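The structures considered in this document are given below.
Below, chain A partners chain B and then partners chain C, in two separate complexes.
For the complex of A and B:
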């Protein structure tokens, strides 16, 4: 006890921690019937921590070349003790992290918490979402299996359709004209160096901003939040978040142990794409839309229109704090809610459609 | 020089200096950025303008079958039509660049990625592919099937 106190004094003397602790002690999280939504940001953070840990462990054996990548992952899964578990946890945690991030983003949107002064928080959050998807997309290729190979071919080909700079972007991403060993090297660098650094900086900013402005209470819940006592951030809210993390861990462990992530077949760049090929679930809504669009719409190639629409939608979504003027004044807006619900429902419906169609084939 | 004139000269000198500073900072940024961008763009692959390629053998292609082969850096596909004619195409789907295959049950070329269908002429007949597959010239010499880019 005494040594703990002197250690604390040592740190406090040098880092001036007292104000930080005082701030956290005073901080309260509003209590209302949607308080549960506040836990998803923290849950995403938990899965990210799992990703960093298991990712570093995988680095001990992984080799990023087309000759060795598949075999090195196979080696981890079959020869290294608990290697199957580490890889399975990494793959499952990635998916749960995307899910958690999507729920977090959707709840923030629907509660319209992005209004000034939280617009910067929203923008760092959207960039973190993009980084998360980038992690997913780049990591998917690393085992160099057939599914990954074609997912990368198709995904990068889409980037190539961007007007003017598309061709150069495509070559930068692939490290050449085609998906090859150069692509694998680049994706590995992106996955293990560039994105982590980027995510780290963005996350620091994001968390700082969340602490600065605390969570947002939508107008319809303000009355309730005023009536009920807030949840002290320390220790009550933190302990609850910890329980949420434990639930996340339990889910992750169960999935990783009972549904080990498969490795699939080694990629052959000159073989046909196998029947039933699909991307990861979080890209299914784009996939299904591209599948349904006809070859030509009013003389323009269907996929070009589709991709342009997705690009525009992403930009508009990003700009929500600017477009939704009422959010700055903290006023309700029917339009924002209806648009948001329509977009989210569309994505959910297309995902479900693709999943069901995939199961049938 | 009167003190007045000195005061007037000062701002222009300052403006000149900050212009100098600004442009040199810009030049520094540019001299770092330009090589960086050029570095990130990969050099063009020393791809030999693939002449003729042995795509397969007649004996492995009975009528109504197909196989992919390596045509330079890209996959190609040879098919034997149900009538026994040999044709070759680029196997890169014109939609989003998956590799197509011959479907025995449908007797035409099919792309698994977004369910695109091509006739045995390489022309899209259903699904999202917007353009026909690039057609290659085929020369059968005995058992060997040689494929080359179409002339002209």
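For the complex of A and C:
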């Protein structure tokens, strides 16, 4: 106890932490019937921490070349003590993190918490979502197995369809005309260096902004939040957040033990693509929509039009704080809610449809 | 550098362009290989124009050979009377009996063929005269196959071209034009039920089609004595073992077809372990009774193969079950592959008809299968260990969650008391 106190004094003398702790002690999280939605930001952070830890452990053995990548992952899974657990937890945590981030973003949108002054928080959050998807896409290729190889080929093919710069972008991404060793090296660099650095900066800014503006209470819940006492951040909310994190950890452990992440067969660039190949679940709604589009729409390639529509939708979603003027004034907006619900329902329905179609094939 | 030198250097590219243009212009225009034959026949329409159309994609046309190479005549004269006169060597459409020697006139000429296709064999005519087709032709059979029957007359393409009627995927239907039988019992229809056809359909262009066993230009049914040599082209080990087996002399004495007696002829199916032995469906039982020495040996072979195969199936199922539970079973799969190879070799050794050799091979297969089984058992042990570990971890996590929830209750209660005190 005494040593803890002296350690705290040591740190406080140098970092002046007392005001930060005082701020956190004063801080309160509003209490209302949707308070549970506030936990998903923290849960995403927890999964990110798991990703960083397990990712560093995997880095000790992983070798990013087509000749050695698959074998190094196989080595981790079969020869390294608890390697199977580390790899499985890394893969499952990546998926749960995407899920948690998507739920977090959806709740923020539906509670319309992106209005000024929280617009910058929304934008950093959206960029963090893009980084999370980038982590997922680049990490998927790294084990260099058949599914990853062909899914990456299909995924990067989409980039090639962008008018004018598509070909150049495709070559930048792949490091050549096709998915090869150069792609693996690039994806590894992206996954283990570029994206972590970007995510670190964005996350710092995002957390700072969340602390600066505190969480947002939608107009329909303000009365309830006023009536009920807020939850002090330290230790009340933190303890609850800890419970959520432990549930996430239990889920991860159960998934890793009961459904270990498969390695599949080593990628063979000369083999034909396996039937019914699909990207990761979080890209399924885009994939299925593009599949359902006719080859040509009004003389334009259907896929190209689909990608343009998704691109435009992403930009509009990103610009929600600007487009939804009512949110700036803190007023309710039925249009924004209906649009949000429609988009989320469409993505969920299309993902489900693609998953069922994939299972049938 | 002087001005004159600079001008001279600047002129070099111009000179090069000029030389290239002059060289290109100096090349004399090549005359179409068909000459006036093509010009007239193309305009005639109907049947008389068809050869022209087909000849444009013909391999001979592409190498500069014209109509006169086969039909004679003068392709430079626009006058039909002159172009198609006997005086100019015009032969018209060759008679069926003349086709082999007409084609052979060039294709059997080693010196001539070197100019066009040095790698093409020149023994087609020599082989053809040994064929059943040539025998029928000599007998005056108007349906006897000659070169054009299989290769076509005017649209001949390389045999490596997928459009060729003798390309591996098309040759059987070419043969079937004459050799099909009503009721699906013709040799081609029976071949279509075979393992060879299945391999071809699966994309293996080296899979046996009609010419592989019967010969192409020297096509003839293989005699009883040459069947092992025919099958042995692709199955040399089986042939070698059969020739060293006690069956060889017995088959020869009974004039039995070596491979065909057990495997069939055209409808050669994938062999099955049930063929070995003296039970129902066993081919050995056609000649051997269960209690004669051959029957006993066959029963022993069947028992060894059956035992090793059953053990392999069991190991495969266990390894697959472990794999489905998420275990990486690479080592076990290597052992299984080893066992499969040993069993394939044991099946091959059946052709020697010596039970001891098969016994030894199946023992090795069983060793590999047991290794896979052992690895599968270890994987199941690992699964149990992981689940136990998970259970312990979950209990620890659950206890921590309960402790935290209790702590939250305490904190909440304190908070309520403090708030009530303040009020």
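Keep this in mind: the second predicted complex is superposed on the first by the 361 of 361 C-alpha atoms of A that agree within 3 Å, B and C clash if a C-alpha of one lies under 4 Å from a C-alpha of the other, contacts with A are read in each partner's own complex, and residues count from 1 in each chain.
Just so it is clear, a residue touches a chain if its C-beta (ideal position, glycine included) is under 8 Å from a C-beta of that chain, and two chains touch if they have at least 3 such contacts.
Note that the coordinates shown come from a computational prediction; the quantities given were computed from them, not determined experimentally.
J.: Superposed on chain A, are chain B and chain C clashing or fitting side by side?
T.: Verdict on chain A: clash between chain B and chain C.
J.: Of the partners chain B and chain C, which touch A:130 in the superposed model: first, second, both, neither?
T.: Once the two structures are laid over each other on A, A:130 reaches no partner at all.
J.: A:257 in the overlay: touching chain B, chain C, both, or neither? Say first, second, both or neither.
T.: After superposition on chain A, A:257 lies in contact with chain C alone.
J.: Quick check on the superposed pair: does A:249 touch chain B, chain C, both, or neither? Answer first, second, both or neither.
T.: A:249 contacts chain C only, not chain B.
J.: Which holds for A:171: it touches chain B only (first), chain C only (second), both, or neither?
T.: In the superposition, A:171 contacts chain B only.
J.: With both complexes overlaid on chain A, does A:235 touch chain B (first), chain C (second), both or neither?
T.: After superposition on chain A, A:235 lies in contact with chain C alone.
J.: A:319 contacts which: chain B (first), chain C (second), both, neither?
T.: neither
J.: What is the contact status of A:74 with respect to chain B (first) and chain C (second): first, second, both, or neither?
T.: It touches chain C, and chain B stays clear.
J.: Between 24-32, 42-50 or 60-68, which run of chain B pushes into chain C after the superposition?
T.: 60-68
J.: Would you mind listing the overlap between the chain B footprint and the chain C footprint on chain A?
T.: none
J.: Could you list, by residue number, the parts of chain B that touch chain A in their complex?
T.: 40-42, 45, 47, 68-70, 73-75, 77, 91, 95-101, 111-115, 124, 127-130
J.: Quick one: in the complex, what on chain C touches chain A?
T.: Where chain C meets chain A, its residues are 325-328, 330-331, 386-387, 389-390, 393-394, 397-398, 400-401, 404-405, 407-408, 411-412, 415, 419.
J.: For the complex, give me every residue of chain A touching chain C.
T.: 74, 77-78, 84-85, 88, 229, 232, 235-236, 239-240, 242-243, 246-247, 249-250, 253-254, 256-263
J.: Per the contact definition, I'd like the list of chain A residues that touch chain B in the complex.
T.: Counting only chain A, the residues touching chain B are 150, 153-154, 157-158, 168, 171-172, 174-178, 180, 182, 269-277, 287, 290-291, 293-296, 301-303.
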